[in-house]
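Two complexes follow with subunit A in common, the first pairing it with subunit B and the second with subunit C.
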Partner chain A sequence: MTHTYEKPTINKIDFAMASKYGSPLKTQKIRQHIDGVNLDTLTEQFGSPLFVFSQQTIEEKYHALNTAFTSRYPDVQFSWSYKTNYLNAICKIYHDLGSIAEVVSEFEYQKARALGVEGKDIIFNGPYKPKEDLKIAVQEGAKIHVDNLFELGDLEEIADELGIRIPVAIRINMDTGVYPQWSRFGFNFENGEAFDAIERMYDKGKVYLVGIHSHIGTFMLDANAYRVATMKIMQLKTQVESAFNAQIDYIDLGGGFASKSNLKGVYQSAEVIVPTVDDYAEAITGAIYEFNTSDTLPKLYLETGRHLIDEAGYLLTSVQGWKRFPDGKKGYVLDAGVNLLYTSTWYNFNIELDKRYEGENEPSMLNGPLCMNIDIIEENLMLPALDRGSILSISPVGAYNYTQAMQFIRYKPAVVLIDTKGKPRLIKEVDDLATINYKEV
Partner chain B sequence: MQQINELLLDENKMAFHPMMGNSYQLNDVGIEILKYLKEGKKKPEIIEILAERYSISKDALFIDVSDFMSKLKIYGLMV
Partner chain C sequence: MKSYKVLMKEILKPYSAILFLNNRVAGVLVLAITFLNPSVALSGLIAVLTTVLFAKLIEIKDHYLEYGFYIYNSLLVGMGIGYIFEVSFKSIVLIAVASAFAFMFSFMLNRLFSLYKIPILSLPFSIVTMFVYLASLKYSTLYTTLVNHATMYDISLPLILSAYFKSVGTIFFLPNNLAGLLLLLVVLYFSRIIFLMSTVGFYFGVLSHSFFIGSFEQALYDPYAFNYILVAIALCGIFLLPTLKNFIISLIAIVMSVLLTDAIGTLFHYYAIPVFTLPFNLTVITVIFILSITYYKEFNYNIKSTPEASLSHYLNTIFRFGAIHAKVALPFSGEWSVYQAFDGEWTHKGKYAYAYDFVKRKKGKSYQGEGVHLDEYYCFGESVLSPIDGYVVDVRHDLEDNYIGSIDRVNNWGNYIILRSPSGYFIEISHLMQHSLNVNIGDYVKVNTPLAKCGNSGYSPEPHIHIQVQDVGVLGGFTREFCFTEYYQENVLVSNAVPKHDENVSSVIIDKSIQSKLLFILDEKYTYDIFIDEKYIDSYTFSVKMNTLGEFYFEDYEHNKLYFNSTPTQFYFYHYSGVESHLKRMFILSPRIPFVRKDFVTYEDYLPLNLMKGSFQVLMLELASIVQKNLARLEQQYTLTSETIRSENGKVTLESNKKGFKTIAYKNVVLRRVA
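What follows is the complex of A and B.
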């Protein structure tokens, strides 16, 4: 008779681990499906590691954010932040939902244009915009958000070259009471730098101001910071309209709304500390109404990226082996590492198992496949004895991870989108040697 | 002296080492291996027994038994 085998375990009992929240030796987080599609099916069909995006989650998050703002304010326009995730299929979903494009480089600009977005529906942000690309954007009617005086000078030259006056927006930075203060982008509000730059625009008369933009930070856990930012933007708007007889058509509050990810070093969970979309919407729209001095309300642009896409993204990775470290910890070797998880530096991911495993948890470390000592996805995690081939799903990883994934040591993996009918579709093939060697001469 | 010989086992798969004052939680296969080690059996012999009893490949058992013995060493129960 064959007996049932379980990997042999012995764990020293640490009585300090028991708490009113239960035993960490038993808890297992399990995910067998994404939008009804079995994880085994996904990795068998498309390989491992594998990025998986849920269109259903993307749409739910978008509609929730859209409702929070449009129910409070009459003129709101969302703009998809390309840098957050510029896979074509993902950008296209946001454009189909009604978002225009927000880009921060010429390559992102070209990507948006190639996807059929008209120049007038592109916000061109960022601290460096090459002059030749700026000129194309101006000619195509893009919304240029000026970051610095050098760029303003370039725009004035372009205005001369084209024989036109160019409508622009200005990016400003400010103290909103949060630390760290993002002061690297745009012109400072409090010290008068922003007003000086605008004055310079009107002195020269080659560009004119139609918008004011700020982006106060990322993963902002204080909705009130947006109220402060909106208040200062509205104050500057009033100041400019009065000083230069100008008409500021729009304000842009950027992005930075948090997702339900867990910041490292933060004790409470994301469910507790992340503001709701209504908190953000109330802070911004409330301040517009309160501080508007014009007969008309400005159009409100938002460039929310992380909040919309982060929770829609998963990375599936398989256990390739494991070993026992001299300190007793179990170290798993996975086929995905920090090459694919850029944000692992700042966030503790939700790591789920593909099934319930027998036996008790023990302190474990998750290492990637890189021959680099720093390739650690999770340094200390209580896990049961996993098998070779066990699939782990890591989330939320929809924001910034694919776009910042490195082609380093291993090929970049395939990407699958599960559509709203629960059908998985390959949207990016796994890289191969030809991808790596492309353009080498 | 192998400290595993000092371990007291109970019916709940718990082991207690009176001198060290430490308690350990094992599973069934862990208890079985511990029993063989106490009997003085060596790793290859234990693997043979387990392979026959559970129909598991010896290569897979080599990894699991080696790991189990590594933990006993880490806990100071074996040298």
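What follows is the complex of A and C.
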């Protein structure tokens, strides 16, 4: 009988707990409030489970990243990655902070437009852009980032139909020394595919290049990869500018900056392994200065999503019951399941208790309400004995979890935003039967 | 023609140098005054000429002669011989040999003395002339032409004045009221401070002499009283800055020189040789030696043409760039708080007093939650940025970060990094996070480069950054005083300062695009259209030049020169020479351009006196600043918004996407860049 290969993992043992002074007090992580609002108040008022976002954290993270780049480089523009979290209230915060919109589908494009974002302030990315929607985006002056030759063909047809030359950017992929390499979006740099596509643009003369875009991956733990990416973009820029007498106005480094989430199977904590904003900013701006051959510096776009929003989001969930498994482990039944926590596949969440509990910690498992064997939020966690009704806050869950949350056997929960004055505000109500039946015919 | 000019310069320089001046006109005047005793004058000239000829013979490079002090010793030797012997063939031979000797002796002494950064003054003259006088006791034939010491013309004055004037004259072997008066007028014209110190030196010296010998009149008659004058000028104006403290030092030194004059006089009397300037030389060299070795703060490290110029240069430098040599940037980004400053209450004591600890705080707390886990501390895992441009000389990164409540008492410093500054000092940063280093030993890092992460290794109760400056590159080296180049407090850009305990400071991150706009290269030309009241008047061009010292400056067609320099964090103007011009206005409008990009930031700078005030006001302020230094502190407020620097005097805007200044505007004048 052969065994299936399983990736080895090392899990950190809490030394503070194991020491002779070890006090269980220290190993309980407590969160009684978010931005000064008590968790009890929140669940009483808005129900459980509940997504909570902190506007203060959103703004702090934004300012930190923004300052890291704008203090080093004269022309930086952030673009809110809609797919990370497109709740209207959240998008609005980013737009108010000065971000434009980065969308990857016609749905997101429409969402941005509905929020009052002008076409010129939308970056339209993604591997599939339906032609009719692409045409609208072109007419409205959006920044189109071409992903493949079919799309380029569509754009050339649209150019003919509208009788204009369309300014476009090209999405490229490349080897930055990080694996797996993201090579399925855009045109490859190393094998000359990207340059060939640009050559075709100028041969046909229907579109012209104004920007170069890459997005090298997600949760990038090596800031140097951005240096390599920037270098290659700048090299292509120089190449294109001299070959076609063109001027590339902007470069777009996409997103992928890590948030302080603990990756599963990684021994060290997020503080240790995640690069700082200074690391990312220095890598990118340093490479632009170093490899710029033009008289002017290109505008720099960044489509950071996860890094900005992840730590601002919490999921509050209540203990509904517990049981003792045959192996002696304690199992808690929560009212939120993995259908709301899409990222639980990759990250160990930070799970905090609503108050200090008496008693020894013991190995516990957290399960959701899904009636599915896979509904495990945490498989093995040292917890004291919790009561029915205890509120756990799960974080960071600001990125992707809400947009990718799946409605399954229960209603999608409500979302609350705590504003900078510490006032909670409902930004999305809990679904009901009507919401779910709405489009059924 | 050119060599003739150089020769004139070389001949005239020593004449003014004896009066501690550096001015050709002063040289001409002094030379003329020596003709009150033609023998002295001619002998002096012969000495200078033969020295220059001798220097050419042994092919000494011109720049050695330009220093002046090699020749002025010969000049003094020559005048000394001319004072006792009428010009004759024999005396000329004697002068030629003695002055060549004086020249070589000066050269030798200077080489030895310069090791300790002390001047040779007229010590070679004192020694060589002593030998000449001793030898000449045997040359009876020379005495047939022994001259009358009296000069040609004189005026009669009351003793109290006459003694002073004659003393001044005696410096040039002209014990003559008229000579003294004329020399003093020359001095007064070029430097009030020298004049003042000369008067103070003479009368204070005579008074203290009379205190010892019991007769004021006898003290006035002392032929060597000029030593007091020279001591006073040298120690309060030339080698030490003309400040109140140095005034007191010079008074003490004057009394020292009184003792020495009497002592040496008694000894030399047996051999019938005059004391000359030996008391002055011994006194001043003794005082300067100790002050130079111990890095005395009010030492004049940059001797300008007059004490006034030295003082205002010194004050302006102190005001603008601070008195502390070691300047570093903050080793982080964003806003942090001072956890421990210099002489801190916990560990920054004694030899380790000059260190800073920083933490991040929100609402007064350095952690969120209960602060029992490292990751609850705001600064844990933040970047540690390089505070200087320099080399990494030592690192350690294997120590674990202590959990809260425990401390590593064995490895106090924890994980650390030591950087070497090209300016000669070392920087040590401690308590770094385990395995977080981005750099290796030998790497060259620039200001703001991320070096590692803030951690909690070593003797660290909570995550923080520790930074200190050391004289040596080994772990645990004693600390030395330093300051931070620049930091923000709210919207104010503070320079060359240190924040207090518990104060919040934000670091300055360099925008290299601004730096590159101010990277001026030799021979570049910048042309502007001048508009007055929006009417085109003329065009104006300045170009980038460099002098032999490697100093860069802008020069316009009128040869006005505006000197500039760049550091890793700022561009600044530091000297202007010339008449009223647009270049002078540029200095006033933007004396300093920090390489920062912020929506709105204000900063202060201090402008040199001569840029802002009329010449009479400058004269008065220079004198007054001896007593009250702040009188020379011309503070000017600047605001920087994106790429425009504004002040009440006008504004300067940088180009948006190329090098240089786009517009320069003051009063009703606007300069717009055309090329």
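Criterion: the second predicted complex is superposed on the first by the 416 of 441 C-alpha atoms of A that agree within 3 Å, B and C clash if a C-alpha of one lies under 4 Å from a C-alpha of the other, contacts with A are read in each partner's own complex, and residues count from 1 in each chain.
In this text, contacts are C-beta pairs under 8 Å (C-beta built on N, C-alpha and C of every residue); 3 or more make two chains touch, one makes a residue touch a chain.
Bear in mind the structure is a predicted one, so any value in this text is a computation, not a measurement.
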Could you tell me if A:3 is touching subunit B, subunit C, both of them or neither one (first, second, both, neither)?
first
Quick check for you: in the superposed arrangement, does A:285 touch first (subunit B), second (subunit C), both or neither?
second
On the A-aligned overlay, A:360 touches which partner chain: subunit B = first, subunit C = second, or both, or neither?
first
Is A:68 touching the first partner subunit B, the second partner subunit C, both, or neither of them?
second
Does subunit A have more residues touched by subunit B or by subunit C?
C
Output check: A:30 vs subunit B and subunit C. Expected answer is one of first, second, both, neither. What do you get?
second
Identify the partner contact of A:371: answer first if only subunit B is touched, second if only subunit C is, both if each is, neither if none is.
neither
Complex contact set, residues of subunit A against subunit B
2-13, 25, 324, 326-328, 330, 358-360
Under the stated contact criterion, what part of subunit C meets subunit A in this complex?
333-334, 369-370, 372-375, 380-383, 385, 403, 405, 433-436, 438, 448-450, 453, 509-514, 516, 596-598, 657-658
Interface residues, subunit A side, partner subunit C - complex:
15-16, 26, 29-31, 64, 67-68, 70-74, 223, 260, 269-272, 274, 276-279, 282, 285, 289, 295-297
Subunit B contacts subunit A in the complex at 14-15, 22-30, 32-34, 50, 53-56, 64-65, 67-68, 70-72, 74-75
